[in-house]
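Pasting the structures in now, so scroll down.
Note that subunit A is present in both complexes that follow, paired respectively with subunit B and with subunit C.
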Partner chain A sequence: MRSTTIGWLMLAPTLLILTVFGVVPFVYVLVVGFTDWNAFAADPTAHFAGVENYRRLVFDGQFLNSLWKTLWFAIFAVVSQVVLGYFLAQLLMKDIPFKGFFRTVHTLPLMVAPIAVGATWRLLTVPGLGPLPYYLERWFGIEYRLGTYADQAFLTTIIMDVWHWTPLVTLTMLAGLASMPKEPFEQAQIDGANKLQIFWHITLPMLKPTILATVFIRMMDALRTVDEVWMLTGGGPGAATRYVGLHIWRVVFPKTDYGYGAAMSLLTLYLTIVMCWLLYAALVARRELPKAE
Partner chain B sequence: MLTKKQRRGRWMSLAFWIAASVVTLFPIYWMFVVSAKSRVELFGRPNFIIRNFFVENYTNTLADPSFQRYLINSIVVASSNALLVTTLALLATYALSRYKLVGKENIFFWTITNRMAPPAVFLLPLFLLFTQAFTIGEWKLYDTRIGLILLYCVFNLPFAIWTLRSVIDGIPKELDEAAMIDGANTWQVLTKVILPLARPGLAVTAILTWVFAWNEYLFAATLTSVHARTITTGLAEFVTVTGTNWGQMAATATLTLLPALLFLGLVQRHIVAGLTFGAVKE
Partner chain C sequence: MRSRLGTRAAIATASVLAAVSTAHADFWSDAAAPYKGATIRGVSESTPPSNYVKDVLGPAFTEATGINVEFEATSWDQMYDKAIKDMEAKTGIYDFVYIEQDIIYSYLARDFLVNISQALKDDPKLASPDFKADNFTTFINYFKNADGDVFGVPMEAFVKVYLYRKDLFEDPANKEAFKAKYGYDLAPAKDHKQYRDIAEFFTQWGKDNDQEVWGSTVQAHTGHPASWYEFFESVDPTFGVYNWGINPDGWSASEANGGAMNSAKAKAALEYWLGLLKFAPPESTSSTWDEVAASFAAGRAAQGLVYGENAAWIATNADKSNVVGKVGVALPPLEDGVLQEVEAGKGYIGYYDGGAFGIPYSSKNQQAALLFLQYIGQASVQADWAVAGSRITHQATYDDPKVKEMDAKTDGYFTLMKNDGKLFAGAPAYPFHAQVREATAPFFYEAITGALSPSDALDKMAEAAEAELKNLGYRK
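Moving on to the complex of A and B:
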């Protein structure tokens, strides 16, 4: 029997750091959110303000707009990534040459700093420099200006995210596909099932845990995207790509309205968690319905 | 023998993967092209071939004193963080694996939740704490490298604990029990038995931790002003500067991206498990 004291001592530094830099800020933001603390107000001290900040939040059009944008951004990006990732993984299951090379190439974006991802995409899309605006104009007559057209900016942030994170989905799907037993597929083929039937009744249910985990993790990440978008569009044009993290960081934070900013931070955290739980519940429930019949 | 249809499927797959690889590599290649050209060359029709390498973009960047400071800060912060995180995670996972600690499963999952939180949410409280609460006299945690090193533990420690857990659990308990019977103390067991066996796992953890710390931007941008700025904040500064020097920005971005390229081969097998909290194993 070993002394648990030594065990706790080994764990102590980890717990201490996570408490000081993880729990303390959380409690702090919780407390500040109930005050009217504003460093540059006439009265720069904090007073208890009850739920006043939260009442303001519900009517804050800019904040709600950024939440809405973030949600759509995350949904479009993650759905595209899952579809594309599945497709690519399925193709890599085939016996093709240079598999290892392709995998390595596709791991690269995962390791690139988000800020550098934003930089590369900016170099691609800047008018007068990037090939994207040049060839879109020349070949398709499309005027591509991220600084002018909100739809283009929104779409480009999604494409950038797809570029950055599809490899992760591909690799998780590949792991999921590779771990599947062969027998059900062979049996289904003998029974004369077509490709769609095999996909719907065998592949999808067996891949479910992988898909769920991937969607969940990607959704969490997509909802907190800041760096790349800041580098690419700066949140613009206007507020077209000012996702909620960017909104808190660039708009609310510099105003030194700490009480309000804290409340917004906390609500965002809460909504992120709720979103992910809803998503998780929805995904699990939908696939489990047929079982209940 | 493959049937005609199977063979066609193979060629199709290959074609798709080549296309996908071109799409993946192109933005990075373009960045490199821009970094190798002078302002004049970048004008007009995009040219994808590097004729003569314009080294000034790199030499000017590297000669810039503030860039040098950013670079040193990044190296110091990432390396110290990787060392600290790997050491603490080794101790923590060993404790979680070998000792009967009350509520250790809860502790384990609690550490993971620290990583899930959106960073932007914690900017405000951390900024206030760093500038107003975590101070000793005149000294503040704000704009110090040690501040970033400690803070990065919040998202790197959970990752490291998660990755190392299976490594430590995979080392048979009998080995350290045998060493204890032979009279080794806990420290000796850790350094003589566990450390050599866990070395590959520790190396992967340390490298990925290093890369994550190197890549971090949001906290570095918010919690530093002059002294502790890192290379990612240096890169972002190009956005706010008017009349951006694209060649130099591309050179800085290339330098920021370099470690990822260097370490890619070493850790590519492990990054997926790392990024999905082990939910997906390869």
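Moving on to the complex of A and C:
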């Protein structure tokens, strides 16, 4: 009994912080999502609007388009990061020259704030100023116009995200690879398994928990990306990179449509949870079903 | 560079102090005595006039009163974000906020701001003898309510002008080649056809001479409202479409319902403006007002519509501009009949931009902020501020010798503002400014990328504007 009380007391600061900064804002957003509150409406006070905001969302082409684009952005970015991160981690497992230096430099983007990453990439990519458009045109004849061509802007936001976050994936993969026992690999080599078989039957299954954790963290991050893209493209050209986080920001702040924006936030949170659950079910839960005796 | 800037700021602060102290030495210290040691916080967009307040007027005020000034000069988006959140939540973080002319109606509708006239009447001890609303240009009227009470002290005002490269326009070879090709003399454009011809001519000239010069700037960012503003505030009116094409009688935007947002004139205006993109520097679709000024200053455009706050540094600051001494200033090109309409009081030819500082009701240091706003509104600080930021808010500033000297260097920008400022206007008095902009901007961006035709884009924008106005409760 006494130890339980001490346990709760020790948990109290964390619970308090979670309640104040997690539960209360969530409940607030939940309540606001059922109102028509817009700070600059003819009547700026909040009124209960039932599920009207959610009904509008289902038919809101701009919101649905931003969700769809975000999903593609997250899939492309996260898959690229996982593949690239795995190969870089494998490289760092080997005894290569300047390994320490490379590892330090490779990790540097992680320490840069997203807004600064966006600003840096903007300087790199703005025509007339940035080196990227200049050399792409000069060397390859590619007309690179981030503000004009939707596909270029979309691709650039993915590359920027990959540049920023691949080091995190590399570090987690490195930790996963370093913690693997050597015996299964030695045994497989003795049994004559080739590299692909070792990767498929030993490395991948043993690395799965690491990959899953990384994918979940990065997927959730990618789904709520705002700062970098806001700085790089502002969501343009048109709505090409107006990902859902940026779309919600525009609705809530410049447009001050608090009720509708809150509903958007909640629906996006719900869809994120559902997506992560589906991903988990597809990759893990299915294989954890009780086996027949 | 940094130490040079610091020295400049120190010299400017000293000259401000000298100017102010000769006028009313005792008022500031006496009136501020109860608030000595207090700190007032303000937020503004980072512009040359704002930075002058941050670097010069703020420290001078502190020196004179003992009241500290924390001044946050940030991006346009962040400035609004922070100010509105603070006033909406009544947190009282800011004691004065920048009020751009176009947002004042929204703030007044929400009673966000302190009535400065009334506050000074209620507490005459705080009223500076050197602060008089009558000293200001008519721009101060934008910051008054229906009763004539002032809610913001103007700190910057300028017109969005037509800048052109005098060196290119006056080059005899260019004049000859232009006349041979187009059949009339090369001169600052009076109408849109001439503007387009000149843009085409200098774009080709840049290619022929292997120079990175294009025919015109275009503020056409495809994800930032700057492009929307350039069209609705500076291009649409030159075709005779005013107030964004929204008819306040029933708050309609579409032509079918009595508006003009998608009228034939508006469609011609958008087609013309988008047509300039092929004569514009490649950075244009990533350009806001800042990048447009930078492109012109870098010598990458022969002409363009540029916000007046940048005119002085583009024309005179060799540290930042490649076109010092080469800048000409003129009125924007117009369609036939527009000038007559405007002179008859039916519209305007471009944007009279600017802003004021106001005090949020939520401020915890309203008296100290009131003193600060009067300090920056004194006649004695205006001339140096005008030279530093090419802004004028006092009528008398036009006649100051320093301003006249700068006027000559900027090809008469201040004279143009003084004589023709009446042809320009601020944003319409809409309390739903940002809401309609945000509702319509996505279609506008798609017109720039070519995903929508100008006609379709304006039709969709008019429809979206009306839907938004209905949603906000203005349109029945």
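As a working rule, the second predicted complex is superposed on the first by the 262 of 293 C-alpha atoms of A that agree within 3 Å, B and C clash if a C-alpha of one lies under 4 Å from a C-alpha of the other, contacts with A are read in each partner's own complex, and residues count from 1 in each chain.
By definition in this document, a contact is a pair of C-beta atoms (placed from the backbone, for glycine too) under 8 Å apart; a residue touches a chain by one contact, two chains touch by 3 or more.
Just so it is clear, the model here is predicted, and its values are computed rather than measured.
A.B. asks: Between subunit B and subunit C, which one contacts more residues of subunit A in the superposed model?
C.D. replies: If we count touched residues of subunit A for both partners, the winner is B.
A.B. asks: Between subunit B (first) and subunit C (second), which does A:6 come into contact with in this model arrangement: first, second, both, or neither?
C.D. replies: In the superposition, A:6 contacts subunit B only.
A.B. asks: So, A:47: does it touch subunit B (first), subunit C (second), both, or neither?
C.D. replies: Touch partners of A:47: none, neither subunit B nor subunit C.
A.B. asks: Would you sort A:253 into first (subunit B), second (subunit C), both or neither based on which partner it touches?
C.D. replies: Both subunit B and subunit C are touched by A:253.
A.B. asks: Answer with first, second, both or neither: which of subunit B and subunit C does A:241 touch in the superposed model?
C.D. replies: second
A.B. asks: Just subunit B (first), just subunit C (second), both, or neither: which does A:55 touch?
C.D. replies: In the superposition, A:55 touches no partner, neither subunit B nor subunit C.
A.B. asks: Return first, second, both or neither, reflecting whether A:129 touches subunit B, subunit C, both chains, or no partner chain.
C.D. replies: Once the two structures are laid over each other on A, A:129 reaches both partners.
A.B. asks: For A:29, decide between first (touching subunit B), second (touching subunit C), both and neither.
C.D. replies: Once the two structures are laid over each other on A, A:29 reaches subunit B alone.
A.B. asks: Both subunit B and subunit C contact which residues of subunit A?
C.D. replies: Subunit A residues touching both partners: 122, 126, 128-129, 234, 253.
A.B. asks: Residue numbers of subunit A touching subunit C in their complex, please.
C.D. replies: Spelled out, the residues of subunit A in touch with subunit C are 38-44, 62, 122, 126-129, 133, 145-150, 233-242, 250-251, 253-257.
A.B. asks: Within the complex, which stretch of subunit B touches subunit A?
C.D. replies: 9-10, 12-14, 16-17, 20-21, 23-25, 27-28, 30-31, 34, 42-43, 45-46, 48, 88-89, 91-92, 94-96, 98-101, 107, 110-111, 114, 116-129, 150-151, 153-154, 157-158, 161, 186, 211, 214-218, 222, 232, 235-236, 238-239, 246, 249-250, 252-253, 256-257, 260-261, 263-265, 267-268, 271-272, 275-277, 279-282
A.B. asks: Can you list the subunit A residues touching subunit B in their complex?
C.D. replies: 2, 4, 6-8, 10-11, 13-15, 17-18, 20-22, 24-26, 28-29, 32, 88, 91-92, 94-98, 101-116, 119-124, 126, 128-131, 134-135, 163, 167-168, 171-172, 174-176, 210, 213-214, 217, 220, 223-224, 226-227, 230-231, 234, 244-246, 248-249, 252-253, 258, 261-262, 265-266, 268-269, 272
A.B. asks: Please name which positions on subunit C make contact with subunit A in the complex.
C.D. replies: It comes out as residues 77, 80-81, 84-85, 88, 106, 109-110, 212, 220-225, 281-287, 291, 295, 298, 300, 431-435, 437-439, 442, 445-446, 448-449, 451, 471-474.
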